[in-house]
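Have a look at the structure below, then the notes.
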Amino acid sequence: MSAENQYTIAETIKLLSDKAGIKTVCHQQHEGSPLPSVPVLEEIVTIARSIIFPGYFGNSSVNIHNLNYHIGLSVEKLFGLLTEQILAGLCFDREDNLEDAFCHKQAKELATKFIARMPHLREVLTTDVVAAYNGDPAAKSYGEVIFCYPAIRAISNYRVAHALLLLGVPLIPRIITEMAHSETGIDIHPGATIGEYFTIDHGTGVVIGETAIIGNNVKLYQGVTLGAKSFPLDEKGNPIKGIDRHPILEDEVIVYSNASILGRVTIGRGAVIGGNIWIENDVPAGAKILQKK
Amino acid sequence: MSAENQYTIAETIKLLSDKAGIKTVCHQQHEGSPLPSVPVLEEIVTIARSIIFPGYFGNSSVNIHNLNYHIGLSVEKLFGLLTEQILAGLCFDREDNLEDAFCHKQAKELATKFIARMPHLREVLTTDVVAAYNGDPAAKSYGEVIFCYPAIRAISNYRVAHALLLLGVPLIPRIITEMAHSETGIDIHPGATIGEYFTIDHGTGVVIGETAIIGNNVKLYQGVTLGAKSFPLDEKGNPIKGIDRHPILEDEVIVYSNASILGRVTIGRGAVIGGNIWIENDVPAGAKILQKK
Amino acid sequence: MSAENQYTIAETIKLLSDKAGIKTVCHQQHEGSPLPSVPVLEEIVTIARSIIFPGYFGNSSVNIHNLNYHIGLSVEKLFGLLTEQILAGLCFDREDNLEDAFCHKQAKELATKFIARMPHLREVLTTDVVAAYNGDPAAKSYGEVIFCYPAIRAISNYRVAHALLLLGVPLIPRIITEMAHSETGIDIHPGATIGEYFTIDHGTGVVIGETAIIGNNVKLYQGVTLGAKSFPLDEKGNPIKGIDRHPILEDEVIVYSNASILGRVTIGRGAVIGGNIWIENDVPAGAKILQKK
Amino acid sequence: MSAENQYTIAETIKLLSDKAGIKTVCHQQHEGSPLPSVPVLEEIVTIARSIIFPGYFGNSSVNIHNLNYHIGLSVEKLFGLLTEQILAGLCFDREDNLEDAFCHKQAKELATKFIARMPHLREVLTTDVVAAYNGDPAAKSYGEVIFCYPAIRAISNYRVAHALLLLGVPLIPRIITEMAHSETGIDIHPGATIGEYFTIDHGTGVVIGETAIIGNNVKLYQGVTLGAKSFPLDEKGNPIKGIDRHPILEDEVIVYSNASILGRVTIGRGAVIGGNIWIENDVPAGAKILQKK
Amino acid sequence: MSAENQYTIAETIKLLSDKAGIKTVCHQQHEGSPLPSVPVLEEIVTIARSIIFPGYFGNSSVNIHNLNYHIGLSVEKLFGLLTEQILAGLCFDREDNLEDAFCHKQAKELATKFIARMPHLREVLTTDVVAAYNGDPAAKSYGEVIFCYPAIRAISNYRVAHALLLLGVPLIPRIITEMAHSETGIDIHPGATIGEYFTIDHGTGVVIGETAIIGNNVKLYQGVTLGAKSFPLDEKGNPIKGIDRHPILEDEVIVYSNASILGRVTIGRGAVIGGNIWIENDVPAGAKILQKK
Amino acid sequence: MSAENQYTIAETIKLLSDKAGIKTVCHQQHEGSPLPSVPVLEEIVTIARSIIFPGYFGNSSVNIHNLNYHIGLSVEKLFGLLTEQILAGLCFDREDNLEDAFCHKQAKELATKFIARMPHLREVLTTDVVAAYNGDPAAKSYGEVIFCYPAIRAISNYRVAHALLLLGVPLIPRIITEMAHSETGIDIHPGATIGEYFTIDHGTGVVIGETAIIGNNVKLYQGVTLGAKSFPLDEKGNPIKGIDRHPILEDEVIVYSNASILGRVTIGRGAVIGGNIWIENDVPAGAKILQKK
């Protein structure tokens, strides 16, 4: 390297290490605490899926004789990794006056509560698999749906993340749904509330906002947005956080591809929303709304 | 861990290991058989791409003197991995009365037939590269198109998957196209029929259904859906599988971004479909259909 | 393997190794030069992000005492990897009359210039983080935005790639933005020009073309296309490369989901473009354009 | 690379690929069969050790509640890997008239029989641990002995290998003892017969030949050889294979460092052999043989 | 697998999981604590060596400009890993009444003290490198000695382990010297006391016992044992732990290959011990002891 | 971490980064050049072995049809890696006035010459395999000898290293023989000269010095030293480098375990040297020398 290049690089390092300039973008994790880790969270989701859908992922040898060994060790491993990541979430914006021992204990409590919730997660996800199979003429078996449908991947991550969010775990739920967003193009905020037998066909481009509420037996197609229309601003001109601002879809609603439903509107039971349209008002139960030609 | 947590976890493991409750979601692969594996299938696709487009992927040393060594070993490796994954597909929903030896032999036959098809795959994919280059003012060279255009990735996976599907391989073709769906946001069902010089610009959100038929020299933009309109139901109210229900696009058709074409309609030769619109009827050859304002 | 299969495979290898047939699809990198490598470029982007946003990625131990060690070694590692990949780009379509030593020297120069640009990149990306936080009621902290918002990932890759493109590095910038396209569904061409405080909500399906120009404080929603309308053709009927053909968005513009803006049109300061619409003409400053019902 | 170098390399490849010249040194494994694999055998030994000594290797979470999950899954994994490697051994010098199905079945049988032998292996290895602890004033705990004494590593590998050899598994046992030889410098042929409470101090350079017989409570020091003196030759002048040619050490014998005991001699119960000496004759029970000065 | 095999394996798992039978061989680490880990300790030794001998291991880019970045981050990484492994050692045979927080604090203290000792370790190891270079006509440079002489590897591990042992760290020091024993065949107990300018030629088979004391400028050849002669037994017939029982070698002593020196004897300053002999008595300063013929 | 610990560590980093104190132990590789790398050299040896003994290592699919593909690609890979490591060796103590381009060219020349030597290496190593098989009653097949005899590993590394040393490659040959020394306990200096049909039984502790000369059909047992007796000193009291100082063994010599032969003595054709003895004088042809009792 030329002396000139070497000088340029040394000067740049000084600029980049200047503590004054990086308050917004520099994070200092509580000393000795783990950072949230996308690879670890991917392992957590993989293990959770192998517990919920035994025999599909990673191990061809699951059978009647050894199922409990597999479940037993997987739950144990999940507990360890999840405790670490919950702790990472708790420490991310941690108040300074909390004690280490308290956070560790809390992380273990929350991981235990999540695991206790897993039989319920399996029940609900089973309804989603049934809905995807029944709703798609191209689906050949439950196995194909579980193994390769992106909707199942996205909904699994959402249901895991939603359970963690209900337990009060910060940050981690959003990372988990963003992982599925990256893989599937389906963006479900972990705060959304979604019923049973939920399915999404193809899925790329679907957006489901933080305060959306979805009933049972709802089906969405690719590109559907359940979004916010406009945000009330606070006195500084910034959006006020946490207000109900996304749609409510009652049971049996179908929304076709690329439709956008915006704001705290209610789509009534059994309504059908056609593709490529833009809805900002309530839709009565049983209505069919189509793009004008 | 507290005794209470330990008890909760032990009880949850019992619930999750209960054989009665998991018929739908538990898979038991035929004993000793491989499971379909996404990482192995990714390796298969990578090897297939390095055979079809020599010198682009993984090895800078391909030249006139050693091309046949590279092709020779890559084909050999492809044969081994593909045989294993075809076997995994054959065993996924396998009839119990088949013999192991028969399945192994069949997997080798099918892998051989796929390899014999690869010179043809290279020919057709070459036309797709030419089409992408010619159709995009931003494309700098064939090399750039092969190396980084998502459309080439998605179409390569589709053409490999379609060839396997025509040979009767179950499950594996769909996993291969879903891999590309995840990477590119382009969802092409392996059952679709697609001609030469096919290209997709940008591509995120494109959906091409199982029974779609696409001619030569067709170009799609991002967000285009070639979907099904409604499904005839059987006596139980479930969609009937396997009916022709997706569009036919004749040669030279262009479809702009976010357009949806639904049902078994025919878009005639040379027609142009404008963006963000919704087509449920035949379009005559040469027509231009645009969004109303 | 049966003798027949073995014969088929051997014959196919011969066909696939035939030099005559593979001119378009076979690449021969300049001997001894590196190939562009997606995994290496991913490492480069990861290191660049860890320098720009210290403490978020990979290492929980960054603090006031050791920040300069981390920055120092990361910059050194970045310099080495980037030099190699710039060289790979320079060699990809290299003129034969260049000397190895010249290319190596040029690669080091360009890598140094890129590193000297990093303090500026950090400043601009900080404005993007602030914009994403202020514009999203669901955002809980700057940290959450940096850690898991796909828009930050896509815009980071774009800003890195754009800086490399301005330095004249071939191929590599496009690979870097396609990496983000694959992860986020957001497709920003590295040639686009984008101001400060830029944000994209959700993002899947966004397309920003090569010659687009975007001012400060602009916000896009998912599925927005800033595309080209039609391409002037040369005498052979192919699109002419390099013509200005994408929109100009002035400061403070908002474009809602799935809107398409096509051609070299100007969207005036503060205009709001509603969702699911199709714009092919200039829009005056302050206008609000919505889908007709 | 210069044209001359390229030519030299191409010619050398031809020479090295000449089938005529490589009969002795080229191995062609039965088609489709696995090769013996040192990394897989290392994994097998690691798993076997983690079953025999639970809680020491790889997993800090073994406890009363989950011991059976760990043992259950480890045995299952051991069965799979061991079956494959036994098959590799069976195929290494395989008669051509055996059928694949027969070999697979035999490999599973032998792996099962080995596993059934593991409780006994644990019992005997426990006596070796006790002997090492009692015999070494530097040993702080059983745990230290199990965790880091090379003698335990070498004797474990020997006992595993010997059990496989008694079942008739070819090749694999020798590879397993050579793995320990490489790690510890202790070379125990898997054919040797060794009693309980066996220990070796330090161990580097110890050699125990194929037909050696060692009683209970025997202790060897580093550099001890229990070897063959001379070999009867067959009519071609080559050593006759398989003749008893190594020493017998009765119970309670101690042999000090670098002593060599050669030929089918018997060292009587409780005898002590001093260091650096050379024994070619029987030694009576209770004798003490020391180097002359 | 046959039903019979399956039954056999299931029964064996039960036997192997029987808690009653495995008291000696089953370890239960204090809950939540790390286990000692050979791979982590290998990383620790590698980092320590890269700090002590900068530029030799793993990174070709160390130079005057960046030395302090490398040292800074390496020390930080060493601190983290070493703290964890010291904690693992402290917990291995831990008293139940210690508190977690106390152990964590102690581990950090000890890791800090070790790091503070590293400049001294570098000084002493530099004398060992000089001694190896000066003493071996085959040595071409200090670099060759540092890079590939097994004696330097073994002595480095010993000096690191001895420093940890002096700080009171249990178990870990012995594992570190056994790692070098495995790699080099040189077995130095971490408890031994060794002066400056120490060297070992070739080294395989060297044994240096726990209570040995070695002066400055001592040279040993391969196969040398500095061992114990016999052990006083306690009332149960077991060796009494911790008694001085190994030789003292004064400054300038040379011991040739395969010599054994046993018991608490003193080899006087400048004495030369010939190869393949057996010493159980004091040797006066300046004496030359050779094997009798 | 406490403030006191933090201070201690920061001060230690300063001490360790002090440039003045580390001249002997700090290496600064020529900028931009590779460092010698043990993992890369292990890969080189593995590839060389898979070329010399096709079908034994890593790949079960070598057969008559594909042998030349395997050899072709392996030689190509070997050329690349070896060129890099030869360059690393050339740069290790490089004179400053050499130009980069010259060193690169020289490295390629030397790698080519080594490859041209490989057919000869295979011929000689085949004689070593035959000798090991014929000389050991425990050997079951040539395959067992090639696959798991440590002598073949050590002699392979020696013959590869010796060929490189004859070509004038610095440093790398010694690293390669030390790798085998670590694995097998057999320490053969790459400068030694060794004839055909050479074998070593068991091998741990064997030392063969830099200027030793060994004829054809020689057999050594474990623990044998062919060493130097004393070194002429230069005026500073250091050993003079490069003088002939190790034994000559003529054809058909056998040396039994733990014998030491020291100095430039000649052991005549067919002589037999008994175990555990110490030879410092010539031995006539056909003599048998045994330990006195």
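For clarity, chains are labelled A, B, C, D, E and F in written order, and residue numbers in each chain start from 1.
The criterion applied here is as follows: contacts are C-beta pairs under 8 Å (C-beta built on N, C-alpha and C of every residue); 3 or more make two chains touch, one makes a residue touch a chain.
Owing to the predicted nature of the structure, the values given are computational and were not obtained by experimental measurement.
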item: Shared interface partners, meaning chains that touch chain C and chain D; value: A, B, E, F
item: Maximum centroid distance from chain F, chain identifier (CA atoms); value: A
item: Of all other chains, the one whose Cα centre sits farthest from chain B; value: E
item: Distance between the centres, which are taken as Cα means, of chain F and chain D, whole angstrom; value: 25
item: Distance between the centres, which are taken as Cα means, of chain E and chain A, whole angstrom; value: 50
item: Multi-partner residues of chain F (each touching 2 or more other chains); value: 1, 31-32, 68, 72, 76, 185, 204-205, 223, 258, 276, 292
item: Parts of chain C lying in touch with chain B, wherever the complex brings them together; value: 1-2, 5, 8-9, 12-17, 19, 21-22, 24-29, 31-36, 92-93, 170-171, 174-175, 178, 181-182, 185, 187, 189, 191, 204-205, 207, 209-210, 223, 225, 227-228, 231, 238-243, 245, 258, 260, 262, 276-278, 292
item: Chain D-touching residues of chain F, taken from the complex the two chains share; value: 51-56, 58-60, 62-64, 67-68, 71-72, 75-76, 79, 108-109, 112, 115-116, 118-119, 122, 125-126, 129-130, 134-144, 146-150, 183-185, 202, 204-205, 221-223, 256-258, 274-276, 290-293
item: Sites on chain A touched by chain E in the complex; value: 6, 10, 65, 100-101
item: Partner chain B, residues of chain F touching it in the complex; value: 61, 66, 68-70, 72-73, 76, 80
